[in-house]
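A short write-up of the structure that comes next.
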Amino acid sequence: MPSQELRIGLIGYGFMGRAHSNAYCQVNHFFDLAYRPVLQAACGRDAAAIHKFADQWGYRSVETDWRKLVERSDIDAIDICVPNNLHAEIAEVAAARGKMIFCEKPLAVDVHQGERMCQAVERAGVRNMVWYNYRRVPAVTLAKHLVASGRLGKIYHYRANFLQDWTISEDLPQGGTGLWRLDIAAAGSGVTGDLLAHCIDTALWINGPIADVSAMTETFIKQRKHNLTGRVEPVGIDDACAFLCHFANGSLGLFESTRYARGHKALYTFEINGQHASIRWDLHNLHRLEYFDHRDESAVRGWRDVHVTDAGGDHPYMNHWWVPGLQIGYEHSFIHQVADFLESLADNREAGPTFREALETQKVCEAVLRSAAQRQWVNV
Amino acid sequence: MPSQELRIGLIGYGFMGRAHSNAYCQVNHFFDLAYRPVLQAACGRDAAAIHKFADQWGYRSVETDWRKLVERSDIDAIDICVPNNLHAEIAEVAAARGKMIFCEKPLAVDVHQGERMCQAVERAGVRNMVWYNYRRVPAVTLAKHLVASGRLGKIYHYRANFLQDWTISEDLPQGGTGLWRLDIAAAGSGVTGDLLAHCIDTALWINGPIADVSAMTETFIKQRKHNLTGRVEPVGIDDACAFLCHFANGSLGLFESTRYARGHKALYTFEINGQHASIRWDLHNLHRLEYFDHRDESAVRGWRDVHVTDAGGDHPYMNHWWVPGLQIGYEHSFIHQVADFLESLADNREAGPTFREALETQKVCEAVLRSAAQRQWVNV
Amino acid sequence: MPSQELRIGLIGYGFMGRAHSNAYCQVNHFFDLAYRPVLQAACGRDAAAIHKFADQWGYRSVETDWRKLVERSDIDAIDICVPNNLHAEIAEVAAARGKMIFCEKPLAVDVHQGERMCQAVERAGVRNMVWYNYRRVPAVTLAKHLVASGRLGKIYHYRANFLQDWTISEDLPQGGTGLWRLDIAAAGSGVTGDLLAHCIDTALWINGPIADVSAMTETFIKQRKHNLTGRVEPVGIDDACAFLCHFANGSLGLFESTRYARGHKALYTFEINGQHASIRWDLHNLHRLEYFDHRDESAVRGWRDVHVTDAGGDHPYMNHWWVPGLQIGYEHSFIHQVADFLESLADNREAGPTFREALETQKVCEAVLRSAAQRQWVNV
Amino acid sequence: MPSQELRIGLIGYGFMGRAHSNAYCQVNHFFDLAYRPVLQAACGRDAAAIHKFADQWGYRSVETDWRKLVERSDIDAIDICVPNNLHAEIAEVAAARGKMIFCEKPLAVDVHQGERMCQAVERAGVRNMVWYNYRRVPAVTLAKHLVASGRLGKIYHYRANFLQDWTISEDLPQGGTGLWRLDIAAAGSGVTGDLLAHCIDTALWINGPIADVSAMTETFIKQRKHNLTGRVEPVGIDDACAFLCHFANGSLGLFESTRYARGHKALYTFEINGQHASIRWDLHNLHRLEYFDHRDESAVRGWRDVHVTDAGGDHPYMNHWWVPGLQIGYEHSFIHQVADFLESLADNREAGPTFREALETQKVCEAVLRSAAQRQWVNV
């Protein structure tokens, strides 16, 4: 085990709290690194719940007030896993205390807050990172490498979907534990910030900046019981969002997300069409990268179904795991992100996406929502 | 063989001339009908070519001038298989001569021409039909039945693609035999009229009217050699087109077509998401209808891969062909359309899509092109 | 239309009678050939039924006794589409009359009969062919070319399945019209001659001779009502058959067929594993040939899903049909076989499989049935 | 964290040593259990290597002699992760010391050794378990539940494959670290014990006992350099093995495994056909269970592609992980096995497969190898 510790202070203990804690526990079992994350403190307002969580994951201590946590001198990095509307304030205070910051996505509820967060970490000179974890799914990382290598040639089309079906019932309430993503006050938006933000982050990373967008959003169920007030209240979030766009490189983009697509649990897919080759991926078949190369001999040309599980070095991250053919899971993308961060720390490099990079995604999201509201094309 | 003849006069002998001739030859072998199409005359300007074609298919006579053909009293129905810009005039003259008219899609190059064609056939009281053949692919017909039966419940999303990759090379010329689809003068538009028109026809048929659209188009290669002039000339067609839309029933639509999607030969796909169930289909797997029903027992719920080849009556048209598991091909959709038309003739019903129905697709295409040109939402 | 006629006398008007008649009608529409099949006479014992059939397909005349048909001097070729137990006698008499013979598969009910048939056609010097139609599915023909070219290298494994599920119900009777395949007296065997014979023909064609086999068969439902006697009688056919084998080239074979595999309508599949590359195909996705080449660059190596629909010449037969991406169906394999036969006639070559080739498949079938009965390895 | 410790002594630190250590580290993070595994000691002959391993995983101590380890009083359970030929002796000694034993599969190199191991643990009355981990892949566990519930009805067919392609090169040596599976002395057999044993374990678990087998094996490359001797030596293992069998319930079985199937990394698949329904699964799509139910309405009947990731309780184990649509990996099957074992410990039940159950798989393997050697059917 490496002797250099990186002492983590985690705020929030929900779904993402578990995913990040797991990454900290697992990373040194599978990666040889100079640093070792230490579960120094977990923070949550519900004392009983945060104690239970801390015990399950082996956190050394517990806080119930994030302001106390960020004051502690035995914490190197703050990990923000709370609803979107709380990101900015925590990040600003933590940065001022000199902490590194790992923040769940989306960066913030709007560009204004996101910009403040960027300025805070840059002013303080602290390392910062946003958990756009899908970049580190091996098949997605491979897609990035293939495009960056130029083998697709000029890019003509980029399309992405993130389809779910879990909010179709009218009986589902909004707000509160487990459902804050349906509450406009906590989430800032609906599928745009929750799901499309992932699609946009991947797209910007692989295909470069987006110039302008034309979007539509829809809220299919107009009011739902609110768990925090107990009353039926208007639904403020977007249930579905789709947009057309132009990338700066001249390619056309088409993005769609919804929570009303029956049959799709978490179907994040993207496809990229270039002059010579095309790529597509989908989250439900995590390890499959489909690749078509027009330069293949015509008689046997076809989409190649690449099972991205080779351990020999050609398939990103997979040399750290098992043997060819054996898969890893969703949570491993977070392990990879921590591994990359710890390596970058040792090498004094940056590991993306930083707050500043994530702000670009925020800008696209905001343009999308504005375009939908105004029914017109909007420049990013 | 039925004794009642329907004497066909075919204009044009390209790809569609073959597909239609095949349908006329085959329909009575597989369907029991009151009528029998007779290949009375084939018409084309190139005398040698049309004679060769007529001989191969068994046409009884040949014409080199369509005006002579439509004057002949031994012709019951005119079949228009020539470039889009010639549809209107032929249809108007043929209608005035009292001929039934079968016209290739899209109906016309614009709504204005299409409206004139509708008025012509309605004034003359002649039967008319447009070859939106994909309605009669058994899996597509089944999709229509499933939606019409209400089993999907409220529809939330409709999305369709028609992706090809055959015009990426800069060396491909535009215009003339085999390439008139790339010539704006002959085709009226690019992928919008050629490919999206199919997607729109199916969508209107299955999911009802479209209210408004926001579109973008792109012409990736700006100039190409023109076969008719021999000169390099600006390319007037759209190489790619995508649009967002609202259906009148409140569902959201997303459509895309391109000829620059490497790896896709003729990938026409659609997916429909309803409250209770979803459907998807793709032309490359002609006989597969994927169906998801949320009412299935949760533990074994999943997309069902329905091989639409049952001969027992549940799968449209398939009782006319082979045994379960054995497939038919692309050209059979035309045979089915002729069969339906001949049945409707005997029963004195209409068999769609009529010119009037096809005009609705034309209106959407025109709104799409206008929206793209003006960069704004356009009502249909 | 070519002026040289090949006058067909068809015996039997069931499923295969239709498939062959269709091939004769269609072949000259799509292939440029020196010969033209003419539907000279159709023969069946039920006068009303054979007249109806002849009218539907355009046969010029009708016979109700096959012995009269083979005596007619205006018939060039006899096409045998009757149950297996009748093949031998008809073939022997027809050969003696100097007719070409096209015989449905399997060649005969046993090797003894098959050998007599071979001697008859060879003695008479008449052209002969067996309808192992799957050889002419474009994807299967392509598989043959790929293996023959040597690009797979040494072959290690060949496996094939033919899975159906249509006889699971105990209420299904055996024997008589439409069900003679379940009657041991008419069929000679169950799935072995009906389905495995196809798998074996393809295997011998692509991978060479089989040396020895170890088989098991099963009859799940031991007695069924017999349509010809009206009584419940023992079932003599094999409902399922599987066998291991060694090919002469050193590769291992594994074959299985059953009519008790729920969910499979007509799932004929094969897979071939060679030193450098592998191939697989399945009848439910007729146009898909999956191809894996280990020599591909490791990072993007995967099974290629080849949509065998290219019209440019690389995909067998497809230059005669539509455009890339558009599929043909099951019945086209018969059209291709007729086309190849007519070409071979003009060129004075042979077009396989001949009776002599088909006898090799018969020998394997017989060895399989003997191995199952004796529970031991049997040399072919 | 539970206070009750289960102190593990691990022998062997290769691939399986990692997989098991991971399971011990992870199980209490995701399962609420009465017991907590403690990494008490890791044992390996190479002192430097075992220290490095112990440090990486957090083992409290190290041994270089397994005999010392099993004498230690601070060890509750011995985990055997060494080559097959060493299982029996370690298990016998450890049982005599009263240790619980977790043994890698296959149980032993032959039935004789396996029987001795069973007697040892039964005499000592110690808990024992064999790591046939695939039983705990959620989709496989679901398959077991579906068959056990009777919803498939009478079973007709069971078929399984385990296909790999990693030993095709003639340059690959046999024996020694990482390659002992190719050395007959260490492994006892080739693909039969390594891969088919998995298929057989699953089959016996789901479909009950196998009565008799007819098998063939092949060693494609007859001699390879041996890493332990440095000399080219005959290859004693089977590179490929296939067998036919009858299950006691009357269904037919077909099994195949090879390391010479180009394009397959670790393609473990099985398919079960019953009277009413069928199931199939493949390891490369770990979370997909395909399910066909003939009782579905005919028009929309098809194979259901069940993404076994629901967290609501219907999909085994998945309520312990993330949200619907998000996958877990290969190593999680080991975590599930540990979780089940720890629960059974608390409840004083057994958690399979025990040595005695695993011996049944050993018996089938031995019958398979004997059948192949003798070229005849062999009763199990």
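A, B, C and D are the chain letters, set down in written order, and residue numbers restart from 1 in every chain.
Heads up, the rule we're going with is that a residue touches a chain if its C-beta (ideal position, glycine included) is under 8 Å from a C-beta of that chain, and two chains touch if they have at least 3 such contacts.
Quick caveat: nothing in here was measured; it's all calculated off a predicted structure.
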item: Contacts common to subunit C and subunit D (chain labels); value: A, B
item: Most widely separated chain from subunit A, with each centre as the mean of CA atoms; value: C
item: Inter-chain centre distance, subunit A versus subunit C - centres from mean C-alpha coordinates, in Å; value: 55
item: Intercentroid distance (Cα basis), subunit C paired with subunit B, Å; value: 35
item: Whole-Å gap between the CA centroids of subunit A and subunit B; value: 42
item: Sites on subunit C at which at least two other chains make contact; value: 264, 303, 307, 310
item: Touching residues on subunit D, where the partner in the complex is subunit B; value: 142, 145-146, 289-291, 293, 296, 298-307, 310, 312, 314-315
item: Subunit A partner contacts - residues on subunit B that touch it in the complex; value: 156-157, 159, 163, 165, 168, 214-216, 218, 220, 240, 242-244, 246, 250, 252, 254, 256, 258, 260-263, 273-278, 292, 294, 303, 375-377
item: Subunit B partner contacts - residues on subunit C that touch it in the complex; value: 1, 15, 18-19, 21-22, 25-26, 28-29, 55-58, 164, 166, 264-267, 283-286, 307, 309-310, 321-332
